[in-house]
Amino acid sequence: MVRGIYIGRFQPYHNGHHKVVEKISGEVDEMVLGIGSAGDSHTKKNPFTAGERMLMVTRAIEEFDVPSYVVQIEDLKRNSIWVSHVESISPSFDVSYSNNPLVIQLFREAGKEIRQVPMFDREVLEGAEVRRRMENEEDWQSLVPIPVKDIIEEIDGIRRIQKINESDSER
Amino acid sequence: MVRGIYIGRFQPYHNGHHKVVEKISGEVDEMVLGIGSAGDSHTKKNPFTAGERMLMVTRAIEEFDVPSYVVQIEDLKRNSIWVSHVESISPSFDVSYSNNPLVIQLFREAGKEIRQVPMFDREVLEGAEVRRRMENEEDWQSLVPIPVKDIIEEIDGIRRIQKINESDSER
Amino acid sequence: MVRGIYIGRFQPYHNGHHKVVEKISGEVDEMVLGIGSAGDSHTKKNPFTAGERMLMVTRAIEEFDVPSYVVQIEDLKRNSIWVSHVESISPSFDVSYSNNPLVIQLFREAGKEIRQVPMFDREVLEGAEVRRRMENEEDWQSLVPIPVKDIIEEIDGIRRIQKINESDSER
Amino acid sequence: MVRGIYIGRFQPYHNGHHKVVEKISGEVDEMVLGIGSAGDSHTKKNPFTAGERMLMVTRAIEEFDVPSYVVQIEDLKRNSIWVSHVESISPSFDVSYSNNPLVIQLFREAGKEIRQVPMFDREVLEGAEVRRRMENEEDWQSLVPIPVKDIIEEIDGIRRIQKINESDSER
Amino acid sequence: MVRGIYIGRFQPYHNGHHKVVEKISGEVDEMVLGIGSAGDSHTKKNPFTAGERMLMVTRAIEEFDVPSYVVQIEDLKRNSIWVSHVESISPSFDVSYSNNPLVIQLFREAGKEIRQVPMFDREVLEGAEVRRRMENEEDWQSLVPIPVKDIIEEIDGIRRIQKINESDSER
Amino acid sequence: MVRGIYIGRFQPYHNGHHKVVEKISGEVDEMVLGIGSAGDSHTKKNPFTAGERMLMVTRAIEEFDVPSYVVQIEDLKRNSIWVSHVESISPSFDVSYSNNPLVIQLFREAGKEIRQVPMFDREVLEGAEVRRRMENEEDWQSLVPIPVKDIIEEIDGIRRIQKINESDSER
């Protein structure tokens, strides 16, 4: 039995993530999806709450039919204990998937197996582009799985992003 | 669509919890299971990590066949923001289930619907009794769902509980 | 110009506190009232929020007609920086009033002037007795200033205390 | 009885804030002034401590003769619980005043009444301009209420700002 | 080259610790002394600050003439990341010395070598007894190394302990 | 007996620091070396852990033959309590050495003696330049004391820096 973990901020969960998860689902018996920067929300870079993102991820990955767990990973100030933190909140895992050099380095220093995944159509699919389109009411719907589109509309997510981006730094 | 949340420490998840979840699963369309005191582990009262408990809960509730989400809820020092904290990390919910008077009071002051659930066979099934039997190697296996038994054995949980309970207060 | 600070938990602000404040108001030009354990609420020992206590204190001390400031002081884990913390959140002060030996010791080690105040009718007036009477619906009203009684009734404080005290430790 | 809250960083409290408060004081029975980023001080953007700002605000608003409360609001990492945090440290309020889009969005999502206030003579009066003049010893005195000017001089605030701004990032 | 770590609260560092350190110094090339509960001070159980304890330990172990490092270890809420935390603040070590069952269990689960040390004359030498004698001005001096005695007298430690122990729980 | 403290981030400890320490060692009887931003590691600006830096500093300063203490100082959000925090984790000190205007201002407001030190060959020796050379595998070895060079090689520090700097902001 092999369990693999894949960590992202999922702001929002988009087709780029989805293709990576699809690939991982073919390599492992069980998956853990880790929602990074879980404590952040209502900011330009992190508009959605951890609860909202959990809903997106869970709904979207149902189609892969692999037993899955979704955990929320708050940012820590201390990089040096980050791997240990992830291990304490996740079901134990055998392999980690990431494209992030820091994550790769931290897992490697901790002696864990790490696999790099290709990021598909990176330029178009990355979160920043999805959020930019949302703000400008361009076509963002085609960049995310359908269940994610539904959730964002249900929580009035476009309006939130537009309002947040008006915000100056004076709060 | 009605979504309900049920929060417990699940140290470990036992048959008492399981009957409550069974009952809730008949009343709602989707369930959120909230793992309380998520940051605690390796103590007499909280031996298991959040990741281990997530595994127990997920495996045990599979049989109810209701779409479910498992979230981890760390203790906050501030009771006054606890409800708001739960709302930010959980998919939105319509009704809360609890037997804990403080939880009931906090949700009530926040204007949320709360339903009290009967705790079945409370004396025997409560977590403290299960942990006591584990420490003394009495029959604890019959008090928990089978997937939970398997997980505890796999992680060598009985030994951990025995070791922790030897601990004096000098660390 | 002499400014004095007096720190208490004020759970709730009662006639014992009120007599101390009256005495201090005759010795200084301006007063700072520090609400201790500001982050705590909805517990047996700390039922009221910092905001509720701020309301009680402000209303009650109006009659003394001395310019006053009310600050909220959260508990710190580190006693060694507590005095410095108080100094950063309060308007600067010349003298501290307290009956608590730890507070007295901390201010003394920091080289600050500290004055001990007699606690009037301590047994009857102390907070624990007021809270006990509230829980049992005995006469608590006569132990607090009238504005405090009004606020507690307005926020349904008696019910909260009764509910909290039913709470077991299972949250 | 209507109680309104107005939140700002007040670094320092200046005539722009003062006109807003004057306007609010005509619309409510009681005011809460919330000092934002309360934990910050001795930085370029936040030179004054929460205690110093409490002194400025309290002295300056005395002239409006409306019962007022001054609370200190520390920054939270979690935007999603910020409204709940404010509610726990403030006397309960009916309406919030703000010009900050994020604050407006957070209160709106929490279902609270929010009123936008015009910011008078924004360019000249905003805090950044006041702090710039302080650093360069240009006329800042005319941009703040007289009691604020007195406090800043008493605490040697100009020198602090000049020293802080020399600071490189090596601490 | 073998480096070993020994962790204690050292409240204060006494002859029981000293004999353990002496024994360790004969087994390793370099030692790390970890001051536990580093953030605590001015309490009955933890009267001395981390800085004061660093002074005691450093002065006392000079006689063993083994290269040594003294690190301060704050308590974490999460036991599950404690080993990783210690590793990030200490020079890397090969073996850990402890008598505490929890510490032993945590290091063992992390796959680290751990050696149990006999605690010499435990009843008389343990910290609680030393602190009790200090409070009652009985002979505590003979239970600690001479440099520790000197430091405690220099910082007026006996008076602090006596004052703290008068403290009721009302702060 | 005069004890002096010198605080730096020491990322890594280089010849510029070393000359300052040499000068200080001639002016005091005992030294405290304070490792700033102790919680940070594995970032572009702060690649090394507190434990690794403690090793570098301790080994490098051995040659000065002055009794020394190395303490780790985590960043605080509150500048206003920073001096008090340093005092609680360090053996008591009489004089502070710094070139940082903020540190100088904070110590001065706290009424402590502060001495400014010349930074030798600042442009070449500052940490940013050392880290830049490490990343590009230019000559960094000549900018640090020999024991520091050995430690960095032993922990494979160059590779860590190179990997971290590849990191995008998506973790």
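Note that the chains are named A, B, C, D, E and F in the order they appear, and that numbering of residues resets to 1 at the start of each chain.
Here is the rule we go by: a contact is a pair of C-beta atoms (placed from the backbone, for glycine too) under 8 Å apart; a residue touches a chain by one contact, two chains touch by 3 or more.
On a predicted model such as this, the values are computed, not experimentally measured, just so you know.
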{"item": "Intersection of contact partners for chain A and chain F", "value": "D, E"}
{"item": "Distance in touch steps, counted as few as possible, from chain B out to chain E", "value": "1"}
{"item": "Self-contact between copies chain E and chain F, residue sets same or different by half", "value": "same"}
{"item": "CA centroid of chain B to CA centroid of chain C, Å", "value": "36"}
{"item": "Whole-Å separation of chain centres (CA-atom averages), chain A against chain C", "value": "46"}
{"item": "Residues of chain E engaged with two or more neighbouring chains", "value": "41, 49, 78, 80, 87-88"}
{"item": "Chains touching one another, given as label pairs in label order", "value": "A-B, A-D, A-E, A-F, B-C, B-D, B-E, C-D, C-E, C-F, D-F, E-F"}
{"item": "Contact set on chain D toward chain B in their complex", "value": "78, 80-81, 83-85, 87-88"}
{"item": "Residue numbers on chain D that touch chain A, as the complex places them", "value": "7-9, 36, 77-80, 99-106, 109, 126-127"}
{"item": "Of all residues in chain F, those that touch chain E in their complex", "value": "38, 41, 49-52, 54-55, 58, 69-72, 87-92, 155"}
{"item": "Contact footprint of chain F on chain D as seen in their complex", "value": "39-43, 49, 160, 163-164, 166-168, 170-171"}
